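Take a look at the structures listed below.
Look for subunit A in each of the two complexes below; its partner is subunit B in the first and subunit C in the second.
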Partner chain A sequence: MKIEWTKAAMGRRGFLKGATALGASAALPMGLANQAFASDDGVLRVRAYGDAQNMDPAHSVGVVEEEVHSSIYNKLIQYKPGREWDWQLDAASMIEQVDPTHIKFALRDDIGYTNGHGAMTAEDVKFSFERIIADATESPNKPDMGPLSHVDVTGEREGTIVLKEPFAPLWSIALPYITGNIVSKTATEAAGGRIGANPVAESGPYLRASWSPKEKTVLKRNPDWKGDAPEWDTIEILPIDDENTAEIAFEAGELDFTRVSLGSVARYRDGVPNGGKLLEYPSLYYTWLGMNLDHPKLQNQKLRQAIQHAIDVPTVLEAAYFGAVEPSTGIIAPGLAGNRAKSMVPPQANFEKAAALLAESGETNVTLTLDTLNKTTFTSAAQVIQATLAQIGITVEINVLESGAFWASGDNPDLQLVLNRFSMAPDSSYATAWFTSAQAGIWNWERFRSEEFDTLHAQASQEVDTAKRAQMYERAQDLMEESGAYRFLTHEATPVIHSSRVAPALRPDGLALLRYFGKA
Partner chain B sequence: MEKSRSELGQIVVGVSRDPLGLMGLIIVGTIVFCAIFAALIVPYDPVGMNIKDRLQGPSFSHLLGTDQLGRDTFSRVIMGGQVALKVALPAVFGAMAIGLTLGMIAGYGPKWLDNLLMLFFDTIRSFPTVMFALAVVALVGPSLQTVVVVVMATSIPTYGRVARTQTLTLRNSEFILAERSMGASMKRILGVHMLPNIIGVLAVLAAMDIPTVIALEAGLSFLGLGVKPPTPSWGALLKDGYSLIRQTPWLVVGGGLPIILATLGFTFLGESLRDVVDPKLRKQR
Partner chain C sequence: MLIFAIRRFGLAFLILFVAVTVMFLMIRAVPGDPVQIMLGPRATPELQARLTAELALDQPIWRQLVIFYGNLLQGDLGIDVFSGRAVTDIVFQQLPHTLWLIFSSIIWSAALGIGIGAYAAAHPNTLIDRITAAISVSFVAAPAFVVALLSLLIFAVNLKWFPAIGAGEGFWDRLNHLVLPAFAIGLSWVGYIARLVRASMLEVMGESHVRTARAFGINERRVVMVYALRIAILPVVTVIGVGMGFLLSSAVFAEIVFARPGLGKLVIDSITTRNYPIVMGSVLISTALFVVSTALADLVNAWLDPRARGSK
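Then we have the complex of A and B:
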């Protein structure tokens, strides 16, 4: 075939015309996107901050994969969407704590697995829970199951969960979160006991239709689902790490739901583009300034207390979080048992008291290092802390570390001050677990050691009386603060935006429960 | 002395006659001037916080606006230039001095020493610069000195190899052979006869390397691994600007523009210098 190129010759005018046409065509997709945004195509597009690569709940690495798992699998109970922590029945038609170590359950009779793996039975529950605690599985989520002993199967769809000792987080973490997903015994065994990147059998209201790594996970309505029908035919989960990028995608009509940065909250409070809405949820995460009690420079309790009183938490939060978050009173967030009404050291700095404590300590020319992650939020907070401590004569040198080096700091004996942030599951025991004496130098970077704290942590996780539990956790946080090793900063917040066609279903900490997302 | 002064004058005149060279000279001159007199130029304390005035746009009181802690961006850009040159100049000239010495020894010395030094150069060059920098920073912690040492260490082979090649070319030239036959010492041959013939090429290389080093420092600071806060740095400005781009674009402008200008300025100057120093290229033009 011979191609004639002679007509393709382009002059200046031709070029300008072409460029204009190209510019117009470039603008077209945006218009089309906005059209798609407005029209109801039955597709819900949500952003996840990572890619769900593993379909095995035993090896789930957290929220990103749980968003998919909780849509394609069932649990005995699921978190109830709303502002208060609560659960609702899912695969269980009945569940009852008969005594502190025995929980009876009965399964619905209308849940089946795909790929011909039959109806969900109590054997599937037993298999799913016991494989989490089995050493052979090497599940990183084993601690979430706490003192689970085994599951007794008493009928085709009935059974009893047996604990070695009482375990309050069973209802807030073990059953409604990652470890609660019930997989098919026959399908998993046929796959060699381990599920990989592809689910071997699904049972939830959605099926994973496709997965393009780092690009998109597509969930489609399960045609055999007999429970309440999900409102969206298709859910597309787009892994977008950066919140700024996600915000731009939302504003361009490419997303229906995303978490947004705290710095954007003020702007979205004035209005969300395309008729969308901003929802502000508290987060469970906790951020604090820690002091290494084993470090020779921080042996003096008066010095540590001086540091506690010299840090002005509202200023730190205003600078680093744009005032979009509240000061925290400890490591346990509001809504969970043991959240303290107020901290022992008020959030506002008291420079006179700090200076007096420093004078009492007898320490002079104090120079300390402050380690923090290389994120703008943390470096901003660190610089404010540096500036405020300078006011009482304490010199702080900031060490900014990339995440690999930072998260390996636990056993660093040279660690002095550290600006830290831990994630959290919705049970108070999850917070105190990292500050026991056994965790010193592992996750307890402050090397805080208190026998009373350790006892409280152990007893509280077995205490089923919520009021007593709360008292124990409050006392535990008092002990942390009294040591002078902690200046609690904030639990942060989870601001999310959604398009006008979506009725989001969220946990009280703002995390998405996709299977319950509705249409506005 | 008179002769060298006139040679320098010729180079400056040669560069000034080239439009790109002149532009490079002006940009580099401005950056160097601002860096030297930064303390006099900045209108505000570059680390002084004023949180209630944060993320402001450009105005007469803040020419490039303010950052997330209410610090004047213009003042931080100017002081950032000082940091960039504090890293770039010692790193580049240190690498040039060491590379030149080792390269001349490799080129003029015995074969076994040449092989040993080449192995040393190749070993260093086998490390990707950024990865090497990240590893060192992770081990010893971020600081201005760390960045200088890392950049210097990774740049030595480049200068060493060029110096070695030039030395090998010159060692058998007639005027060197004549010096040798007259009993001139190795020190004299290398220092008096070879060095002036090599230094020009390396100076051009250094001028063109400076923006690379500035970009590397900015890159490390962008990753939060360069100079320590609150010291201003173009890379740190860019990083904060990237994080806060939905709030204000001016931090990205403040961090990015000087890096672009420095890169263009030093590159133009380096290319022009090369043309002036290398007579062959001058004839081609």
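Then we have the complex of A and C:
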């Protein structure tokens, strides 16, 4: 055989030699130096489960972006770190509810915006709040502002928030959460009315120094901030979706603070590496098994009640959450108005009662589908439910769906049983809002319809007497449970770990309030 | 060679068109209303309607495809729904991270794999050959995600030699952050390339030009390194080209396990959120990467070995 080699500008030999040299250089050990481990470098490194992509509070999609917004913007009031839901003054030097629909406020005189946009004034407050409710803004967060009518500006730094009707969540959601962030009117208008991936003017104790998508958001101390000085010079927020990866990063010394998986709680109770600590907080999530009341197979209330009594909640929680969470009594978490002391159907299964109810229903050879997310927690829970329902003769087929398909199930008329989990902001109205008749087939997947429930939901939002409000929400959850469409499971939990050099500042549901993080 | 290159890139272009079209149709076949998923539960009907119109989701699928290619020809991949940034900016911001990971994996695994394979072929049926065979097969059999997790626990958590997460800043820091993920996804390629080179070399060692070289009394090391390895290495070039596709898929989990930015993570996140513009932008670029790399591998192969250019 004759091999003919053709000539080329770059020699083949050179090519192969170069490739080998590159390979050798790649194999050289490069570690052991210049590593950015969490150490005494004045940088606080925290994990977020997602990437904060939008700096406009009107278009914030939730907690991930709020962690950044609450550090670079100010609100009239902020959540107070601790175990009880409470608020404290932030940009407001005074705020007072003068009657059920009017809230007077005065701003501090020492807060200014970056990029030459001047001091924060009442006009900025008016602009920020009214743009949330303006149709032109198309803000998905508009419902948080409830019946806001407008803001009257009564002085350079004074004004009055005017509501169309009383609105209790104003103090628990509207002002201290996403919609409460006060942006600069002049800067936002100069940007065409919409803030994108980069802030146009900041006013908080931190400034967003840089953002590397999917990699890191860096906050630096605002040199012009005149309020209480934040303790950390720099905060790096690392988007890490996977909790196991975050745990490894923490143990490698590269994170100071992260939420951990419920499956790791037992291990961290025995000790957190590097002198860290485990903190266990309740969560606002609520998880339940729902039954589609419109489905022909689930028309029989006795059958639904049999299913309620046949599900052993403690066993489900042990299998799916490793016993790290408590059973819930409804959709409203402990610490919020309307959290029930106990549910009508006890958490423990009562198979005799369930079998009797099934016999009363007259249904035989019952076969149902159970839709669930493709997460281990939910598939484990679904399998336990499948096993326990089998004990009374109900056959369950589990449909495991990826998140996109699962969250589009609202209008699926074939939906039968569904294992569901919603998040909420810290006000009870946020939970009941999804179960009204108007939401049937949208986010009310059970198609639960109750005029009394709808009325209670509407009235409770306007009720400023906390005790009366609590009674309304308790009754609303009674109605849900009486329908037989719900078997409440848990509010889950928020276990977090932090390094020995950090004094975390957390909301009562364990979420970080980064601007208040201290040094241990 | 030029005609071969034109033919090869023409085929690559056709493959790219078919693959992207199939992906376009597949992503639209996935259940779930993309607008509802993208905007979340509290989006107003007006906003949902506007986004539906913006993304042309109210149009027949064939028209959506025509619009997509029309925009693509103008270099417009659309706007990200969440951040309002151009998709091209987002994709090209993530691409270098994935390329770094893939190329560093290829380079170290090829360098080591070729070395092991050549050494084993030069000492056939010896103890060394058997040991390298066992090691190579072990490498091939080691699941990359297990290697990733074990290397994290050993080298990042226990020994603290290398960082566990992120991509780093600056050249050396970025290299430092590449070591563990590149090790994890390149290890099985070491074994694969070693076996390939060994088999190829043993075949070449029996050919006439090698026998002639030996008959001339040329040093055995030179015979192996120059006369045998240079030809035996040709299949590796092709395999590396095809391997780009496998490494791209490996990069997805590496980017998740090591919390690295990159194209793979971008694709996963955007599919989950039904962010169609980002999905199509990422798929287009990653498919192009794969198609171009296989075409380049063929060209390099043809350049190194004229027999590979085929009949004219």
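Operating definition for what follows: the second predicted complex is superposed on the first by the 481 of 520 C-alpha atoms of A that agree within 3 Å, B and C clash if a C-alpha of one lies under 4 Å from a C-alpha of the other, contacts with A are read in each partner's own complex, and residues count from 1 in each chain.
We take it that a contact is a pair of C-beta atoms (placed from the backbone, for glycine too) under 8 Å apart; a residue touches a chain by one contact, two chains touch by 3 or more.
Keep in mind it's a predicted model, so treat the numbers as computed, not measured.
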Review point. Residues of subunit A touched: more by subunit B or subunit C?
Key: C
Review point. Looking at the overlay, does A:S261 come into contact with subunit B only (first), subunit C only (second), both, or neither?
Key: first
Review point. Does subunit B (first) or subunit C (second) touch A:W434, or do both, or does neither?
Key: second
Review point. So, A:D241: does it touch subunit B (first), subunit C (second), both, or neither?
Key: second
Review point. Touch check for A:P143: first (subunit B), second (subunit C), both, or neither?
Key: second
**Study point:** Partner chain(s) touched by A:A387 [first = subunit B, second = subunit C, both, neither]
**Key:** first
Check your understanding: A:G271 contacts which: subunit B (first), subunit C (second), both, neither?
Key -> neither
Review point. Between subunit B (first) and subunit C (second), which does A:E402 come into contact with in this model arrangement: first, second, both, or neither?
Key: both
Check your understanding: Where on subunit A do the contacts from subunit B and from subunit C line up?
Key -> 248, 401-402, 404-405
Practice item. Provide the residue numbers of subunit A that touch subunit B in the complex, in ascending order. Key: 244, 247-248, 261, 263-264, 267, 315, 318-319, 373-377, 379-380, 382-384, 386-387, 397-402, 404-405
Practice item. Would you mind writing out the residues of subunit C in touch with subunit A in their complex? Key: 1, 30-34, 36-37, 39-44, 46-47, 50, 80, 82-85, 90, 93-94, 97, 104, 107-108, 110-112, 114, 149, 152-153, 155-157, 160-168, 172-173, 175-176, 179, 182, 207-209, 230-231, 233, 256-262, 265-266, 269, 271-274, 300, 303-304, 306-307
Exercise for review: Under the touch definition given earlier, write down the residues of subunit A that touch subunit C in their complex.
Suggested key: 1, 3-6, 8, 12-13, 15-16, 19-20, 22-24, 26-27, 29-37, 53-54, 61, 135, 138, 140-143, 194, 196-197, 212-216, 238-242, 245-246, 248-249, 251-255, 401-405, 407-408, 434, 442-443
Check your understanding: Where on subunit B is subunit A touching in the complex?
Key -> 49, 51, 54, 68-69, 134, 138, 141-142, 223-225, 228-230, 239-240, 242-247
